[in-house]
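Okay, got some structures for you below.
Here chain A shows up in two complexes: once beside chain B, once beside chain C.
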Partner chain A sequence: MTAGRLRFALALALVLLLEALSRFGVIDRFAMIPPSEILWHLGKILSGGEMWPAIGKTLTNVAMACIAAIIVGVILGTLIHGWRSLRETLDPLFAAYYAIPVYAFYPLFIVIFGLGDVPQVLIGFMLALVAVIVNTLNGLDRVPRVLIKTARIQRLGPLATALKITLPYAVPYIFTGVKLAVAYSFIGVIGAELIMSRTGLGYEIGFAYNNFDNAVMYPLIVLVLAIAATVNTMFFLWEKKMLARRRK
Partner chain B sequence: MRTLRAAILIACVLAAWQALFAFAGASALTSPRDTIAYAAELLSSPGFYPHLIETAQAFAVALAIAISCGILIGFTLGLYRFAADVGEPVLVALYSIPKITLYPIVLLAFGIGMPAKIAFGAIHGIMPIAIFALGAARNLNPVYLKAARVMRLPPSRIAARVLLPAAIPEIFTGIRIGFSLTLIGTLLGEMFASQRGIGHLLIQAIGLHNVRMIMALTLLLVVVAVTASALLLAVDRRLRRHMFGAP
Partner chain C sequence: MSEVHVALRGVTRVFPATAAQREVRALGPIDLDLMRGEFFVVVGPSGCGKSTLLEIIAGLNRPTEGAVTLEGNPVAGEVPEGIGVVFQEDASFPWLTVTDNIAFGLRQTALDKAEIATRVDHALRLMGLTDFAAAYPVQLSGGMRQRVCLARTLVQRPRVILLDEPFGALDQQTRFLMGDELLRLWRDSGATVMLITHSLDEAGMLADRIGVMSARPGRMLEIIETRWGEERGSRVVATPRFGEITARLWQLLRDESQRAMAGA
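For the complex of A and B:
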């Protein structure tokens, strides 16, 4: 537990250092406002209420992108795993996928679907999908043959085998994909909002930046990071609990 | 066999693209043939090269920073168990943060231009490289480290003579992932923080709704990214086979 305490102390020291540097004018107020003021403004923004629609919009879009990517990704992963030549054809694409700047497709989506929520959700979905597929494949690869043989002896069909045997076995690996999917859908949705949109946290951050409004920009950035970190920690704890139960 | 599969994959992508073109129309995207023609035209026009060189420079510097700092952080944490206990969760948390929200901070710190792009590219690439280097250092056979300590090698030489050679395959996997992320980071940096470069051309084309330009640039980026990543993957597999004997 001492490692955790030291980590906390280091983070605290960093925040205090930033506070001191900006209070004594080493960091220009124009570049950054002190952490205490960021928190104070964040409280004001959250209690003021005019930011809630943007927060709600972004979180809904992230959730839609992420959930769709997980469901579609697990289904596609299972199908691709069962079809060997398809998998060997797609493997190079999966390996190169994250080198493709997905945002370049954003204008295309805007033209096809209009400047609503769909293009942003689609960008988040596209970023998250392949992480889920790759990790599902990875998990299914590790299912022991004896389990599959048992399924065959029990005369389970392909669907029942997947649902009752192979996918449950692969859950820890799929979970790695799910965690990546959460991170990627945040990145996709907020990045798309920054590039072009009419609402959402990314849009508000970009708007505040363009107006040199640090009193709004920094609190919103901290809010996004805090939400992402909280969701990640929740998944981490859930995963740990799940793995601990499995080991028993 | 592998080339045949690659050919099939490319043919399928082109067919899907052509179908999407038929469905969505010329206001949304250009057909594969037009896009390839326009990309070739871009490549042969002299006005395009300053942008290309600008992006290539920014990317090269960002990647060099990401690789060197990533390995340094990973090895430092990997050699000391307690440091790894403290630092690894921080690395993983930083890896999963939506770094795109940090771009205003990077801009305010570095100003508009080359340094901001480089910084934005580097912060995207550094974490995966550090995480893989950390894993490699931790999984190192302890006998090697003990031998190095018995010979009283200083930490810098342990890193250079023992750790680095042993960790090359894993570090290379980290670099392969870091490569893509650094490329995306640099392009994003250019989209927001630059007057030159491919990313700038892209955001300009988005603003002007210049569909031909968007499609041609996207095509070029995808071709470069996929080719580079296929090459890196091939080297990666070779290194692993060489080191571990497994396919």
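For the complex of A and C:
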């Protein structure tokens, strides 16, 4: 637990340093406001209630992108794993996938799907999807042959084998993909909102930035950080609990 | 014990050449009848094709030539109903508790919950796993995990039980105890058992008949009848007959093992 405490102390020291630098005028108020003021403004924004629709919208879109990517990714991963020639065709594409700037397609999505939520969700989904597929494939590759033989002895068909043997075995690996999917969904959705949408936290941050409104921009950035950190911690604890049964 | 249960005729297995390896003639030709209700033990030098033979009987692996029949029906690359296998490698499911591992096969059937629970409890007791019912495989020793796999197979009450060195990870004493336990289960179930083992003692004390295999490609060199009746297991280890059997096994296998080592 000492490493955890050290981390906390480090974070606290950084915040205090920022506070001091801002208070003594080393950091310009136009560049950044002191952390204590950020928190105070954040409290005001949250209690004022005008930001809740934006927060709700962003979280809903992130959740939709993420959940869709996990479901579709696991299904596609399982199908691709069972289909050898398709796998050999796609493997190099997966490897190159994250070299593609998905945001470049954003204007195209807007032309096709309009200015609603679909383009943002689609960006988050596309960023997250391949991480889930790749990690599902990795997990399925690691299933010991003797477990496949056991499935055949139990006379399970392909679907039952996937649901009852190979996917459960692969869960810890798939989970790595899920954690990435969560991160990529946040990045995708908030990034898309920031660039070209009229709603959501990303849009509000961008709006505040364009109006030099640091009293809104910084609190919202901190809010995004806090949400991401909370979700990440939740998944981390869940993973730890799950792995405790599987590993010594 | 006069009816043929499993029949192999001219069975061979050749693994075709791959980029990494030349063609391997792993097995046969083998002609063999397993009689209904008998305890058949297979011994043979390492790599002679014992596991391949087991997989062919189970329908996991197709013979290159020849045919296998179970209860008169051909087994061809499709696992027939009524066969149970315990593999040489650990096949426990790491994401399930010991109880859920053992119940796995039964839960694929229409059997009602109470019956499943009864059978699983009974198996836990027989295998000495009651205290570990809620444990996960990672918390068990290798020998205990193998017992979980054995229990998972036995609770399904297969008519043919194929065992690939299930006690490989156990010490001599525990091996003998498990051997006695296996004999009791076999008698109660009336199943036909084929057990693969490296231990000549185990072969000598458990079997009705012992099939001794040659070095690769494995053929049946000789089939030894033990002529044990009810009286067998660790109790017969001190008898002269047991000494004769293991001496004969040793004699047959010494040359073959040398040949296997030279060929490897």
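In this text, the second predicted complex is superposed on the first by the 246 of 248 C-alpha atoms of A that agree within 3 Å, B and C clash if a C-alpha of one lies under 4 Å from a C-alpha of the other, contacts with A are read in each partner's own complex, and residues count from 1 in each chain.
Everything below uses one rule, namely that a residue touches a chain if its C-beta (ideal position, glycine included) is under 8 Å from a C-beta of that chain, and two chains touch if they have at least 3 such contacts.
Fair warning: this is a prediction, and the values are worked out from it, not measured in the lab.
Trainee: After the superposition on A, what does A:V171 contact: first (chain B), second (chain C), both or neither?
Mentor: Only chain C; A:V171 stays clear of chain B.
Trainee: When both complexes are superposed, which of chain B and chain C contacts more residues belonging to chain A?
Mentor: Partner with more touched residues of chain A: B.
Trainee: For A:I205, using the defined touch cut-off, is the partner it touches chain B, chain C, both, or neither? Pick first, second, both or neither.
Mentor: first
Trainee: Based on the superposed arrangement, let me know which partner A:L156 touches: chain B (first), chain C (second), both, or neither?
Mentor: After superposition on chain A, A:L156 lies in contact with chain C alone.
Trainee: Which holds for A:R245: it touches chain B only (first), chain C only (second), both, or neither?
Mentor: second
Trainee: Name the contact category of A:W40: first (chain B only), second (chain C only), both, or neither.
Mentor: The answer is neither, since A:W40 touches no partner chain.
Trainee: Answer with first, second, both or neither: which of chain B and chain C does A:A3 touch in the superposed model?
Mentor: First partner only, chain B.
Trainee: Which residues form the common part of the chain A surface touched by chain B and by chain C?
Mentor: In chain A, nothing is touched by chain B and also by chain C.
Trainee: What does chain A use to touch chain C in their complex?
Mentor: On the chain A side, the touching residues are 144, 146-147, 149-150, 152-156, 160, 164-165, 168-169, 171, 245-248.
Trainee: In their complex, what parts of chain C are in touch with chain A?
Mentor: By the definition above, chain C touches chain A via 55, 58-60, 79, 81, 83-85, 87, 89-91, 93-96, 104-105, 108, 136, 138.
Trainee: Considering only the defined contacts, which chain A positions touch chain B in the complex?
Mentor: Spelled out, the residues of chain A in touch with chain B are 3, 6-7, 10, 30-32, 85, 88-90, 92-93, 95-96, 98-101, 103-108, 111-112, 179-180, 182-183, 186-187, 190-191, 194-196, 202, 205-206, 208-209, 217, 221, 224-225, 228-229, 232.
Trainee: Which residues of chain B touch chain A in the complex?
Mentor: 5-6, 8-9, 24, 27-29, 82, 85-87, 89-90, 93, 95-105, 107-109, 177, 179-181, 183-184, 187-188, 191-192, 202-203, 205-206, 209, 211, 214-215, 217-218, 221-222, 225-226, 228-230, 233
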